[in-house]
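Naming follows writing order (A, B, C and D), and every chain is counted from residue 1.
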Amino acid sequence: MILTLKAHAADKDIKLVVNKIKELGFQAHISKGAVKTVIGVVGEKASTTRAIFETLAAVEAVTPISKPYKLCSREFKKENSVVKIDNKVSIGGKKITVIAGPCSVESRERMIDVAKRVKNSGAGCLRGGAFKPRTSPYSFQGLGEEGLKYLAEAKKITGLPIVTEIMSPNLLELIGSYADVLQIGARNMQNYDLLKEVGSFNKPVLLKRGFSATVEELLMSAEYIMSKGNYNVILCERGIRTYETSTRFTLDLNAVPVIKHLSHLPVIVDPSHGVGVRAYIPSMCLAAIAAGADGLIVEVHSKPQEALCDGSQSLLPEQFIKMMKELKGVSAAVGRSL
Amino acid sequence: MILTLKAHAADKDIKLVVNKIKELGFQAHISKGAVKTVIGVVGEKASTTRAIFETLAAVEAVTPISKPYKLCSREFKKENSVVKIDNKVSIGGKKITVIAGPCSVESRERMIDVAKRVKNSGAGCLRGGAFKPRTSPYSFQGLGEEGLKYLAEAKKITGLPIVTEIMSPNLLELIGSYADVLQIGARNMQNYDLLKEVGSFNKPVLLKRGFSATVEELLMSAEYIMSKGNYNVILCERGIRTYETSTRFTLDLNAVPVIKHLSHLPVIVDPSHGVGVRAYIPSMCLAAIAAGADGLIVEVHSKPQEALCDGSQSLLPEQFIKMMKELKGVSAAVGRSL
Amino acid sequence: MILTLKAHAADKDIKLVVNKIKELGFQAHISKGAVKTVIGVVGEKASTTRAIFETLAAVEAVTPISKPYKLCSREFKKENSVVKIDNKVSIGGKKITVIAGPCSVESRERMIDVAKRVKNSGAGCLRGGAFKPRTSPYSFQGLGEEGLKYLAEAKKITGLPIVTEIMSPNLLELIGSYADVLQIGARNMQNYDLLKEVGSFNKPVLLKRGFSATVEELLMSAEYIMSKGNYNVILCERGIRTYETSTRFTLDLNAVPVIKHLSHLPVIVDPSHGVGVRAYIPSMCLAAIAAGADGLIVEVHSKPQEALCDGSQSLLPEQFIKMMKELKGVSAAVGRSL
Amino acid sequence: MILTLKAHAADKDIKLVVNKIKELGFQAHISKGAVKTVIGVVGEKASTTRAIFETLAAVEAVTPISKPYKLCSREFKKENSVVKIDNKVSIGGKKITVIAGPCSVESRERMIDVAKRVKNSGAGCLRGGAFKPRTSPYSFQGLGEEGLKYLAEAKKITGLPIVTEIMSPNLLELIGSYADVLQIGARNMQNYDLLKEVGSFNKPVLLKRGFSATVEELLMSAEYIMSKGNYNVILCERGIRTYETSTRFTLDLNAVPVIKHLSHLPVIVDPSHGVGVRAYIPSMCLAAIAAGADGLIVEVHSKPQEALCDGSQSLLPEQFIKMMKELKGVSAAVGRSL
């Protein structure tokens, strides 16, 4: 249920409304616009109390939200949300942001090398996994804190904010002290404990779609984070499971216009994991932006044949440069800039 | 197996090679380039006869084709194939071609009205079903020959070549006398009888991917057509079946770079059937061309609420105009023209 | 819409009702029970004429059918349908029927050998493809009429009725003169032309579910056949496409109770194509009958390593014998006999 | 890599081998048989040290394991594993075990009522969720510790061991003090942190297949648990995501023979979540056991219309009684007892 307050409602009036909401056992989520303030009332059976709110002086209108997700829905907020990263980069505005880097942090030298290269080619953020979710317990699991330190060094040199994955609430403090964006991987999209924890942490979250999650379920998982107070959520399409075997997953670009229609949150696309075959990735990068995505997250590796993980889906630096050039044109064609 | 003939091989030398191929019980498929001629030798166990061909004077090299599809593979032909339609329009070259029109032909007036509108907006061909494959035997099955006549009238007025579906070999002569392109629908992608028949008919074929066919199976079905001598095959991605329900099917744009990599045949995309929700279709049109497709096939209807079939997935004429404008920019950004 | 006639309605009363139905432009489908006769009225907008039928003297009640399929729905007919094959075998009654044989007819000797073996192990019908739908145009396409003749010989010796596939309306007369059951393969489940043709032919039809068809679409395809007057339709679950790769397809046994709930038609299961790995097939045969299926269609081959098609999914004769023994117990446990 | 020791190897010889394994940086997993002891050597590149182990006196043979999963593979252990629960019930032996109860613990009275009913009908364990993974943050999330206490009371009265879900490592001590089996839900199948934690805890684990996980990935997740020393893992098929909508998920019974072939671990089936429609569940229970499963986990609720979660997929007590009777026959037919 959304309460639209009268234009220029005073802070004390807003407080009165919020108190009423809490008194009734619900949560209040405030979204302040230039002229009007909007408050989301969430909680089981919130809708049954509609009449109570309609009588409050500061409330202009009460609107039920028809979707199971509330705070991330377009019904709650009409304008696109823009998520700021480290006060340097934004995702969700006119400018397209490209996050690039190796699948996993492998060594200090390589990390810094790739960071410089992607910075020079126009990337806005640096990616790299220090704690890796691997199907096999016997595979390389990432460098851990050592990897985070290399990321920090690369950031110091290039200025690129860091996007890195968190898999366990127990590592939130550690990873949160290095990362500028906390990435929740596809396998953890419905790890509700983890979602709640990052929802209470003060860093933007990059939430990847589970590889058999519906768009609605992705939005419900975003709602878990937002209902804890962290509204800085970036959604990411990264491929779904189908019967087709010529690509590693089936990158579902349809999800881009669907999410844009249903939600105000920014959406980026990960063609590296979605497609999984180097030769096809540049085309899908261009297609993602043409479909309306706000950015990309792409794996780039200077020596993919030596990569400890996912080498065959990493772009070579020269492929990345070429793709970024073409992306400039496609971005402009759809009214965006790069 | 591919026989590459020596540069400027004489016609009689080519004939000698072809005779040898036939004598051994195989089929010969000739592809003449500016300098060199290439002959595909197809048939079960053709590869066992390699040595015989290597001894022929006109033969420069014998190369096995590693894929199960031969004639449609990039191994057989390196350059992109361009399919000419009615000597007016080409698909597969630099220029993007958009095929547009209603799902089914419904009346003379509406058909002509939509044809004029899409022509004015830059469409290169006209689509419209006269014989409709419907899930229910009790649904509208199309106007039949009457529908073909309205298509012919619309062509006369606008000059747009006609793309229309054929579901049965028995209708080949009738439909073939009106259509400029014979469309094989998704449900018939593995109707081998039909494939063989259109393979022996002298009109381009638009072959849609079955909604649970792999890309390889699509290529195998193209091979059925080409093995009968008709090389004018246009492939079409139109959405595959997945668990996701926010779109009617999951339009698989990944198939575009995959097919371009594996085959020389032109590829177009049908976002109308693939996505099935009007609001999402323009974005996916742009994305398809950014991904490398050679064209689009799109449903446009002036009164979709009155459509006898698939109204909710037809673009309104004004949406189509807007999309075509944006498409111009995207096409240019990827080195194509519209 | 279903018209339930009054008990013991006279033939001339039934005729009057049927004439009225036809006069209004609909089809009449009659199902005579021991006491009451039921008539299905089908055609677009049949439901709008309800009032007209309620006034007819012989009509006791008029009931709309809520499903898009009519004649195959449980609403139209409450009791299970039993399909008789060659006046020897029935599918859909208490007795479980097993159809067995090689994937394709390969030679006279082998066909007769396998026929004798499966007959001795308790099979009720013989399967074998003479015209084969193959993904590649260069693969073995079946022996054609020669194969039908070997099937006929095997039938003469063993008495087993013949189940064989038809892929084209043009072959209906030929194949129909040999086959006791016309099989429509998964790839042709929505080849509506073929469905209409076998719907007008006087032989039972075994309709396989397309590998990405929903149960509802399978029923709609059965409706195409039945709406032409042929009510002897046997449905067959044969595996659907999913992302799982440890089996060839994913045999969907859930479809068995679902179809039994929605339709009165008999259902059999094809674990050979559905699973595709010999070692797993016997377990799935037992499971199919436990799930409520009326029978099985299983590939058995005496020398699978020499098979021209699908050898790896054919049971060895000794595996078939063992499976049939266990099946006896499972059948009894669910109130059936073998 | 598996080291098969010589018959009746002495403990000190075993210790020598284990020390060598640790010295080289690998893990040793010991499986003692009646006559011979087998040691699994796991770790990255363990296979490169084969020659070293072949020279040890106590070692009879060294066998590489070809699969990516080691400890759960049939190659490592040929006989079926039997998991003991609370010293009362076993899963994986000749006897079929049925785990039954409500989806979530809702009240003391209802929990005890259902526990008594399922005990009387032959269930061997009690299920019930106290901490519930819900798609929406606004849905009922379970009673928490209060729910665990009701489960404990129901156990005290009926003697049925408790199976309940754990979603977070932080709750391991609490839930572990009540549960006899720790259930890992489908959404957490690849929550590697959680897997490692339960792998170090001394209670059997019921690991559900993720709804888009392959069988191989399920086994890899089991391997995560086993590699930490907890070998008491029960696998559970609970339905996968497909395009079919007549069931909630597609219960994949093929997974049963596949897992039995690849692994020695016991397998049970959850038709309640897999099918999701009450009417179809009993048939799939019977089919699961016919396919070779070692048990079932089924939702039973005395007033499903009042259930706080998943009511429409819970069996009524009388349906459960009827199903258990039929299950006796099916179990016997496949050489098992109930």
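In the analysis below, a residue touches a chain if its C-beta (ideal position, glycine included) is under 8 Å from a C-beta of that chain, and two chains touch if they have at least 3 such contacts.
Predicted, not measured: the structure shown is a model, and the values here were computed from it.
Q: Comparing B-D against A-D, which pair counts more contacting C-beta pairs?
A: The comparison resolves to A-D.
Q: Report the chain pair from A-C, A-B or A-D that duplicates the B-C interface, where duplication means over half of the contact pairs agree by residue number.
A: Looking at which residue pairs coincide with B-C, the repeat is A-D.
Q: If you average the Cα atoms of chain A and of chain D to get two centres, how far apart are those centres in Å?
A: Chain centroid spacing, chain A to chain D, equals 34 Å.
Q: How many Å are there between the centre of chain B and the centre of chain D, using C-alpha atoms for each centre?
A: 50
Q: So which stretches of chain C touch two or more other chains?
A: Residues 212, 241-243, 245 of chain C each touch two or more of the other chains.
Q: Which stretch or stretches of chain A touch chain D in the complex?
A: It is residues 42-44, 68-70, 133-140, 167-170, 187-188, 190-193, 210-212, 217, 220, 223-224, 227, 241 of chain A that touch chain D.
Q: Of all residues in chain B, which touch chain A in the complex?
A: On the chain B side, the touching residues are 212, 214-216, 240, 242-247, 250-258, 260-262, 274-275, 279-280, 283-284, 286-292, 326, 329-330, 332-334.
Q: Mind listing the chain C positions that touch chain A in their complex?
A: 241-243, 245
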